Amino acid sequence: MKASRRYTLTLSCPDRVGIVAAVSGFFASHGGWIVEASYHADTNTGRFFMRQEILADSLPFDVIGLRSHFAAVATEFAMDWQVSDSARKKRLVILVSKQDHCLNDLLHRWRSGELEVDIPCVISNHEDLRSFVEWHGIPFHYVAMPNLEESGKAAAFAKIASLFDQCQGDTLVLARFMQILPPDLCRRYAGRVINIHHSFLPSFAGAKPYHQAFERGVKLIGATCHYVTEALDDGPIIEQDTVRIDHGDSVEDMVRYGRDIEKTVLARGLRYHVESRVLVSGNKTVVFK
Amino acid sequence: MKASRRYTLTLSCPDRVGIVAAVSGFFASHGGWIVEASYHADTNTGRFFMRQEILADSLPFDVIGLRSHFAAVATEFAMDWQVSDSARKKRLVILVSKQDHCLNDLLHRWRSGELEVDIPCVISNHEDLRSFVEWHGIPFHYVAMPNLEESGKAAAFAKIASLFDQCQGDTLVLARFMQILPPDLCRRYAGRVINIHHSFLPSFAGAKPYHQAFERGVKLIGATCHYVTEALDDGPIIEQDTVRIDHGDSVEDMVRYGRDIEKTVLARGLRYHVESRVLVSGNKTVVFK
Amino acid sequence: MKASRRYTLTLSCPDRVGIVAAVSGFFASHGGWIVEASYHADTNTGRFFMRQEILADSLPFDVIGLRSHFAAVATEFAMDWQVSDSARKKRLVILVSKQDHCLNDLLHRWRSGELEVDIPCVISNHEDLRSFVEWHGIPFHYVAMPNLEESGKAAAFAKIASLFDQCQGDTLVLARFMQILPPDLCRRYAGRVINIHHSFLPSFAGAKPYHQAFERGVKLIGATCHYVTEALDDGPIIEQDTVRIDHGDSVEDMVRYGRDIEKTVLARGLRYHVESRVLVSGNKTVVFK
Amino acid sequence: MKASRRYTLTLSCPDRVGIVAAVSGFFASHGGWIVEASYHADTNTGRFFMRQEILADSLPFDVIGLRSHFAAVATEFAMDWQVSDSARKKRLVILVSKQDHCLNDLLHRWRSGELEVDIPCVISNHEDLRSFVEWHGIPFHYVAMPNLEESGKAAAFAKIASLFDQCQGDTLVLARFMQILPPDLCRRYAGRVINIHHSFLPSFAGAKPYHQAFERGVKLIGATCHYVTEALDDGPIIEQDTVRIDHGDSVEDMVRYGRDIEKTVLARGLRYHVESRVLVSGNKTVVFK
């Protein structure tokens, strides 16, 4: 049932009377069967956000036709809009270091069909996970990442960008990559790079968040899935969650609890992104679950 | 901001192309500003559910006018529909016994303006809570409830129904009332009587759910807010939640944890009901949060 | 059952072999029936923490006798220790401004017997809550708090301290008091002043945390119950919790959700404190639930 | 740090004064360093439960010596007791069918060192997961399971029991095995077979719990990790959890959410079991987390 082909329209525009009527009227006039519809009016910015999921077979045209027919409505309302097609899977490139709990989780969701994407390759600055990735039939690229030398780092990131472009990646996932993406790549792939940070941001940004949490004596720890921007750990938040700890938990215990919440939060955030449920609004997100 | 007057349209009808277009087109043609819109298509029953919240001032007619203008759309789609007006507060009559945690919570939400209802009276089979209720300026009615004698019980419930009718109650809330509503009242006030049950239904229906939970050794306990029907603890569920316990917790501890979850679940469920967010569908509910 | 009189011993000391044996041996030698026992070894500081709850009737001496007999054990292990007696209720003085959700919650727990304390008085810088407090038979003191003038503020806090001392208060609870306690009182009542902050600290310390959370676009909001120290919102954390929000929630919605979590977190934290379950360790807490 | 060798003593006995003193006195007299200590007095049954974790190197004897020295204390208090040694890993045999989310999760925890056990083999009634299991270097045994024929089923289970015995399995984990263990094996391996059931028991025992949950219209679904007994889905519960759903979620959505909670609950329950944190008490468990 989930397999029936769908077009997903997402848009934002200045709020005014008649937007929903115009869009739903457009679809109704072509016999379009709306499977899911979501709206959000941001009263602070006066902007309206919308997501519609339509059964492809109910429309008399294909995705190109849909785009060309809808353009008139979009222009009238000054919409910022996109249409995605469920038959064209998003292509995720995953970056990892040595820790594999997020990778293991994502690859399982992929091979069980839950995460409907293509994974053209996995890139890592360590060789450790090659065998596991290749068992899945997914190409694994090792890119050495010098620890200190800046020019070597720049070359490594240039190599990563080149691999991402070559395999026509849509989204770059930092699945506990432990390296900071350089500003030029943050700008170049804005809205297309997703990170999982192992704290409940904005608390404990930067390095060693579990150590920071231990020092402060918090009673819950968390994880945050967000778009990467030039400001470290400060991009638009897609998803977060927390888990209870207590005084008896060491940093090592937090790391263990943290792994479970990191992979869950990343998987949820990534699913929202892949299903075009996330619309960026300034430094915040609208997430139509 | 929340105070601006709104009309809320809720409806269900057989699903087909064009429902959203017709409804949103209707409002757009009259300049209606939609504040919130929610949809649900039940693919099992083929029925479509919808809730629209419109700024009253954006329309050129009052609620009577809205109803008469909308009737044509409703007829075309064979809608089961209602319009409520935020300026006409729902009237809640609360039934209690001796335990007052839910009552205390509801009355606080009422006096702080969070729960936007009128409370024409509180009815109890005990005198214990009279002073607290009357401090709020709310009439308190004592109705003796014989424990065993059936005819006395019937008379007591007739008295309760009569008080409810006299004060033009919309909704009857069993806030830990500890008495089973007779079948005739369940039918007469179908969809208008809300109960809080102190278990995660369908587990532990009936008497002494915390004792049942203790005996079974569950690791979480819960509470359920539901519409009352003739089948005990089996009506459409509006809201539920659970809380963690462990082997060290006695029945008394469960009762204590339970109070917190009961009042939270009742308050949430009641808010959904009062804001016309709950649509009943067979023995289930659609809750547009 | 809960009503049987108990002595509660809490202690900390340098960790070494034999502490538990010495303490439990002491109680066993006097026939003491241990109802609850908790331990924590802080491997970072090498300090050991312990809490024992003993049935008063099982011992051949009263609380004075217990203290004098136990002193030898305490000295041997260089313990920092205290014994409390359930028959001597802690005395809480509550400070409030205009918002009453925490106060309403605490007073209900008090009058239902769940929170086993004495409340000698409530102090406020507004008259709004006088009637509600006095309905409970609890004295209400109004202390004017000038907004800008520093000397007036100092006088007001001196008055508050004087009221607290006069009624022999053990613990001062800032139940959304909205005023910053001056450093001298923080020092004077160290470990005896409890605050509820309406954010998940260390995120959003200081003023208007819900506005800060809204601006940052977090997906969960929280509340923190902590001991007050001179560093604003930076004292030892006793309890925290979070609740999910989404893009559709305004600051006003957050305030509403926040009230529920604030009162729950304060009630839990306060219960731990009142039952001598909280041991301060540097700027962190050990909480034996 | 976690790697230092430990002995874990678990016991239960009739409650009386002096148990903790005797046990901690025993360890103190031999210089034993207690790392973790937990107690529970069941006031309903009058039975006392205890778990002590001791650093192996702090004692002057090995695990055999510990057992023989402790026997006198155990006899005095009529204890039901066991000592486990962290250097002797428990041996888990995992049973699966086709669904692999729990298996994938457990094998990741095993290969990352989080779940400290040996896995001598995985047994399945389908060939689907052979390659994945064998990639880990773990033997995979296929045992055909006839659907209807009773004698074939008995033979299949005899084969499973034989494999379990041959590889000296300690614990048999039904990781979504979808077959009901025959009564004779339930009895033979009492307290050693762990199942994950995909509902919040006692609700929705038996087949197709997500369908049952969908029909009833509950607002949360759950999972339960329990010891297997002859009574279907009725054994002692080790761990449970729930997750929120709403009216928009189909049975397929529940299955998807359910997978996440099933694997989390199984992993937690299994960890408690493996670390000797679970003591069975009648049809309930004491879980020392």
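Order of writing sets the labels: A, B, C and D. Residues in every chain begin at 1.
In this text, a contact is a pair of C-beta atoms (placed from the backbone, for glycine too) under 8 Å apart; a residue touches a chain by one contact, two chains touch by 3 or more.
On a predicted model such as this, the values are computed, not experimentally measured, just so you know.
Engineer: Is the contact between copies chain A and chain C built from the same residues on both sides or from different ones, judged by whether over half of the numbers are shared?
Structural biologist: same
Engineer: If you tally the C-beta contacts for C-D and for B-C, which one comes out higher?
Structural biologist: Looking at C-D and B-C side by side, C-D shows more C-beta contacts.
Engineer: Between chain B and chain C, what distance separates the C-alpha centroids? Give it in angstrom.
Structural biologist: Those two chain centres are 36 Å apart.
Engineer: Centroid from C-alpha atoms only, then distance chain A to chain C, rounded to Å. What do you get?
Structural biologist: Chain centroid spacing, chain A to chain C, equals 41 Å.
Engineer: Quick one: which residues in chain C touch 2 or more of the other chains?
Structural biologist: 1, 43, 250
Engineer: For the complex, give me every residue of chain C touching chain A.
Structural biologist: My answer: residues 40, 42-43, 200-204, 216-220, 222, 236-242, 246-248, 250, 281, 283-287, 289.
Engineer: Flag every residue of chain C that touches chain D in the complex, lowest number first.
Structural biologist: Listed in rising order, the residues of chain C that touch chain D are 1, 17-18, 20-22, 24-25, 27-29, 31-37, 39, 41, 43, 58.
Engineer: Within the complex, which stretch of chain A touches chain D?
Structural biologist: Its residues touching chain D are 1-2, 100-101, 104-105, 108, 112, 114, 131-132, 135, 250, 252, 256, 259-260, 264, 267.
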